[in-house]
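These are the structures, in structure tokens.
In the two complexes that follow, chain A is the common piece, with chain B as its partner first and chain C second.
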Partner chain A sequence: MLEQLRKKAKELLKNKEVEVIIGYQKSNNNSFTTPCFIESEDGVDRLTWDEHCVYNLSLYLKEVKGKVGIVAKGCDVKSIVALMQENQIDRDRIKIIALECQAQVDQEGQILEKCRTCQVHIPGMYDELVRSKTSPSKIESKESDKEYSVLEELEAKSTPERWQFWQRQFEKCIRCYACRQVCPLCYCSECISEKTAPQWILPSPSLKGNTTWNIVRAFHLAGRCIDCGECERVCPVNIPLRRLNKKMEKEIQTMFNYVPGLDSKKKPPLVDFRVDDPQEFIR
Partner chain B sequence: MKRLLKKEELNRLLLGLMKEYDVIAPIDEEGLILFRPVTKVEQVLWDYPNSLKPVKEFFLPPREVLFQFKRGKVQPANLSLKKRVIWGVRPCDARSLLLLDKVFLDSTQDVYYREKRKSTLLVGLSCNHPEKSCFCTSFASGPHHKEGMDLLIADLEEGIFLLESNSPEGEQLLKGRGKEVNKIDEKIRTKIKEKTERKIERKLKPSQFLERLTNGFDSSYWEKASRQCISCGICRYLCPTCHCFDIADEEGERVRFWDGCSFRNFTKMTSGENPRFGKRERFKQWYYHKFGYFKENHGVFLCVGCGRCLRNCPVKIDFSEVLQQLPAQAQTPAREG
Partner chain C sequence: MARIGVFVCHCGTNISATVDVKKVAEIAKGFPGVKFATDYRYMCSEPGQDLIQKMVKEHNLTRIVVAACSPSLHEKTFRTCTQNAGLNPYFFEMANIREQCSWVHDDREEATLKAIDIVKLATAKVGKNNPLQTTFIPVEKKVLIIGGGISGIQAAIDVAFNGFKAVIVEREPSIGGRMAMFDKTFPTLDCAACILTPKMVEVNQSDLIKLYTYSEVEEVSGYVGNFKVKIRRKARLVDENKCNGCGTCWQRCPVRLPSEFDMNLGKRKAIYVPFPQAVPNVPVIDQKHCLYINKKKCGICKKVCPFEAIDYEQEDEVIEEQFGAIIVATGFTMFDHSIYGEYGYGKYKNVTTGLHFERMLNSSGPTGGKIVRPSDGKEAKKVVFIQCVGSRDEARGMPYCSRLCCMYTAKQALLLKEHNPEAEAYVFYIDIRAAGKNYEEFVERVQDEYGATYLRGRVSKIFQRNGRLMVRGCDTLSGTQIEIDADLVVLATALIARPDAIKLAQMLHIPYDQNRLFTEAHPKLAPVETVTTGVFLTGACQSPKDIPDTVATASAASVKACGLLSHEKLPIDPQIARVDVEICSGCLACKEVCPFGAIEKEEIVDRVTQQKRWVAKVAPSLCNGCGACNTACRPGAIDLDGFTEEQIFGQIESLTADKGNER
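Presenting the complex of A and B:
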């Protein structure tokens, strides 16, 4: 796969179809994988591909100008679709080198939670596709591998218990904003947390401010978050942010029968209106 | 003063401290290693990789109320603090406080910081298992350094500990405890110290940094070096020496809280003008502050080599590599990536 990936990347650069390729590389001492930006044909040998390519590189699309190639997994492509739906990127300047991905692992070698329910091992949109030569090594499925099984434990709790759970989580927040910064869909030129007149969110790391911040962010991602799970991965204090976003995803799916990141032509429900939209939540 | 203590005697020392002081020590809190107030000896971790947050949080808290106000009346913050002990501080973190002292105590004294410093004893624990990301030996420190501590505990392994005082208060704590240290104990200690130092593979040459930074201010290198940075605050907040803060009024409280140069708003002025808006400039500032400006102003680098920035970076930026690869001459073409 790696050979093919490098070949395709090289062609794109050689034919001047792109000026830069955003991909994955091994660190100098070979001990971890990092994002990389490759601008010359000789550079493509740095590209790597394995189960440590956790980063959602579509994050960088808003920063890199001009014609750009991007190495993307199925989940990453979903965020590219979501960005297209919101007119944030011009599809014509982007070449997607999509990779068939079985699963990614965390630093302890455990398969990521999101990969257990992945429906897009082969990305849904691409310019080039690199398939795996070996037959897919199926992830051993568990009873708990249903799409929203991750929410079951929380949903079983009463409202006060849930509130208590999240208060405990938000208490830990240090307001480093890594969740926002790593999120491809958090592209506002001015974040609500940065506004000072009026100050919508208390800026210091207090329980009150932290709660507002985390809930506002979850609301802003409702029907937009494609579950790349990057926010939860980078959170230094282990707040289970994916559960928050997954819950919003489920609500949107139940109410509007809509899953974000699958169809670039479709309008996301929160920017659309239909007379038969459910209204039960307005009371 | 040096004394040799068995584990039980050390536990007794800790227990005694708990009666007299507020004790803060490293614990495992839902999978995170953090310094927290403790009341039981069993809670305290003995062999732990460095804590997620540095001990600076007890001197420059993430959020601190400076004073309260209500309808024109100001209520100053209560600065008096019960005597406390931070137990199990690593040498890198202890050294970081000496660097913070230069900022908060040397010229204008910051009373909030000063009072916390004055009422805190530091009991350190030397480090026998450094992590891959550690590089304290490159910054005038080391896994067995006692600098900045009142008392240092060196684990001689097999349940024996060598305690060394480094202040009158530390000596007071040691008095009448354990037994005398003989030459063999000293030898074992030196052996462990040297073995640990050898384990630290990451070696930097900070003496070169200042000149390179001076030459490289406008280098295109920074454009490329900063590319993968996502501009979050993790490296700044978890750094034991980063000390920038913001001040705001929150519901009748004037609060001071951590802020960092990676954020766009950090340099935004009232007029709306922002001299350091771009990612490249914000990224660069951290390196220039730590290894340029601070060195020029205070004669030391603002880094203790704890490696937290490396361990916790969401995109695994290796700050030591960023510095090592900074071209010696400004015109040298920058490396890709």
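Presenting the complex of A and C:
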């Protein structure tokens, strides 16, 4: 796969179809890769591909100008779709080198939670596709690996218990905004958390401000989050943010039968309206 | 610091009976920034307004709060009054303590407390009000009229009479619409063509009216005063400038097809004008059936045309024009009765509709004015008319009354008798609805003088026996079952909205009801306006209308349109959305949720990066200040002037300040 990836990247650069390729390169730590930006043909040997390519590189698409190639897994392509829907990137200037991905692992070698229920081992949109030679599904699917099974424990709790759970979590928040910085869909140049007139969110890391911040972020991602799980990965105090976003995803899917990141032609339900909307939820 | 004056209105006893207005004024004196507060019997009266102006001078007030009725009633009054007092008109807030308080509560004490809170909210808001300036937009002095039936024709004539330009866009090859198909009109029995064609000619001859027939509106953007409209001019394959309508082409065309204008009872050619008085008198080529277009054979029309007007290569053309106002006159279509099993599912040839009958009555129609059975062309002597087919039938048809069927059925029964005094006319009806000048008298005449038999009841079944139609129904007045062997059955099918009405409504951003009929801005007080400023309604696209009502609404709509056009510039409410492009990330969620199409995307150069990027831009004349964009904007780049986040926060804080508020 790696050879093919490098070959395709080289071709794109050689034919001047792209000016830069965003990909993964090895780090000095074997359980880790880091993003890299390759601008010349001889640089393509730096590209790597294995189960440690966790990053969602679409994060850089908005910042890197000109014609750009991007190495992308299925989940990363979902965020590219979402960015296209929201008018943030121009598909014409982007070449997607999609990789068939079985699963990614964390630093302990454990398969990531999101990969257990992954539906897009082969990305849904691409210009070049690099297929895997090995047959798929090295992950044994378990009964507990249903799409929303991670929510079961929390959903079983009573509302006060759940509130208490999240209060405990938000108490830990240090407002470092790593979740926001790593999120491909938190692209606003000025975040609502930075607004001062009026000030919507208390900026200091107090429980009230933290609660407002995390809930506002979850709401702002409702119907948009494509579940790359990056926010939870980078959170230095281990707030289980993926559960928050996954719950919103489930609600949106139940109500509007919509899953973000799959179809760039579809309108996200929260920015759509229909005259014949039954509006059952407000009755 | 703002110096606020609070004026509490008694509204006679409307407010003061339930709210202790003196106490409200007294407590208001203690609110932050309030320098003066009083109560008065009628604030909207002249002395009431004088009081405001006097107190502004006396106490150096800079902000005004009037606690009275709904802003929809007197906001304008007090804005003007504030302005007359020398202040910006938007330094005024209205506290609604009538509709939202005194009228809906009984408990005087509680209602007074609520009124105090309502006034508190208004004072907190008014302190943060910004001065707003009314802006103006220029007006394109031309009206677009969509539809060239009697409605659009009358509107165009009236617009031109007022000295403005009008453009009629008509989908069919000729203007004239449904009325051109009718024989005579109730209740006076004028010949429809005789009263319509002079108007068609007037439209054609006017220098101020332009006709785009065989054309359709494809896209509408812009706003009142400056609508930009794309119009598709379908290829006629005949050069309008060269053709003089001599008719040689259609006389020689070998292809014979059913004529839509004659409800398929007669024939037309593949190159045709729909009817002899067509305006413009220029044929079109039916591309689906023309031999030359489909098989590269024939080509006779081109050979015989003395003016070389035939152009097989002609293509659709999309033109763009600007208009100051739009009048929608798209009319109606007929309900399809084939869903009714009792009337034979549309399978019996001799079960026809009012429009078919209308064409048969017409002496220039397909039967030369003879009433015949479509099955064999023999004269029809016994005719059964059935009313309310698809109307007043919530289950299978339309819930509403189509309003004209009673009248045209009576007229058709009368004309049948005039054509053949021996003929028999039976009319099945539910109720006779003949509200209109001389309408009731007309129906009476049809029954008494012309001897049409009216039967109150429904038809349960139509079936065939020995080549004749058997109509089985009941006469509920005599309580008897009736069976009539009829030559012909005429169904008064409902008038319904055109199938593509929704598409047009969305293009124009005007609402429609559950029956796809366009909705007026107010059913009583704004019957030809829509909520989209500058778009007006006339005729049956709004609800079934007869010719007099259609003409009346056409004239009304054109007066409204001309009223707009008579201004050099139009004022726009400054209480609209505003985008901070520094914060806007260009996701355009606002554009998606805007019900008025008021947001477009604009490319700017970023102040910091010097790179180009997209942001949202509000078209001030389209924005109605609803605030939908405001809530959709994640970074808070959109604010609504007159209802800014600061103002709303100020209000919330005023109520929660003493309750341990923390964000």
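Note that in this section the second predicted complex is superposed on the first by the 270 of 283 C-alpha atoms of A that agree within 3 Å, B and C clash if a C-alpha of one lies under 4 Å from a C-alpha of the other, contacts with A are read in each partner's own complex, and residues count from 1 in each chain.
The rule is simple: a residue touches a chain if its C-beta (ideal position, glycine included) is under 8 Å from a C-beta of that chain, and two chains touch if they have at least 3 such contacts.
The structure presented is a predicted model; accordingly, all values stated were derived computationally and were not measured.
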item: Chain A as common anchor, with chain B and chain C clashing or fitting; value: fit
item: Angle at chain A between chain B and chain C, C-alpha centres, nearest 10 degrees; value: 130
item: Partner chain in contact with A:Leu202 - chain B first, chain C second, else both or neither; value: both
item: When both partners are placed on the shared chain, which of chain B and chain C touches more of chain A; value: B
item: Partner chain(s) touched by A:Leu154 [first = chain B, second = chain C, both, neither]; value: neither
item: First (chain B), second (chain C), both or neither touched by A:Cys188; value: second
item: Partner chain(s) touched by A:Met84 [first = chain B, second = chain C, both, neither]; value: neither
item: Touched partner set for A:Ile122, first chain B, second chain C, both or neither; value: neither
item: Which superposed partner A:Ile111 touches (first chain B, second chain C, both, neither); value: neither
item: Touched partner set for A:Met1, first chain B, second chain C, both or neither; value: neither
item: Touching partner for A:Tyr177 - first (chain B), second (chain C), both, neither; value: first
item: Closest Cα approach, chain C to chain B, once both complexes are overlaid on chain A (Å); value: 5
item: Shared chain A contacts, counted only where both chain B and chain C touch the same residue; value: 199, 202, 209
item: Residues of chain C touching chain A in the complex; value: 511-512, 582-583, 585-589, 592-593, 595, 601, 611, 614, 632, 634-637, 645-646, 649, 662-663
item: In the complex with chain B, residue positions of chain A that touch it; value: 25, 27-28, 31-40, 43, 46, 55, 59-60, 63, 172, 174-178, 180-182, 194, 199, 202-206, 209, 230, 233-234, 236-238
item: Complex interface listing, chain B residues touching chain A; value: 30-32, 52-53, 62-63, 132, 224, 227-228, 230-234, 236-238, 246, 248, 250-251, 255, 257-258, 263-265, 279, 312, 314-318, 321, 336-337
item: Chain A to chain C touching residues, read off their complex; value: 65, 86-88, 187-192, 195, 197-202, 208-209, 212, 220, 267, 270-273, 275
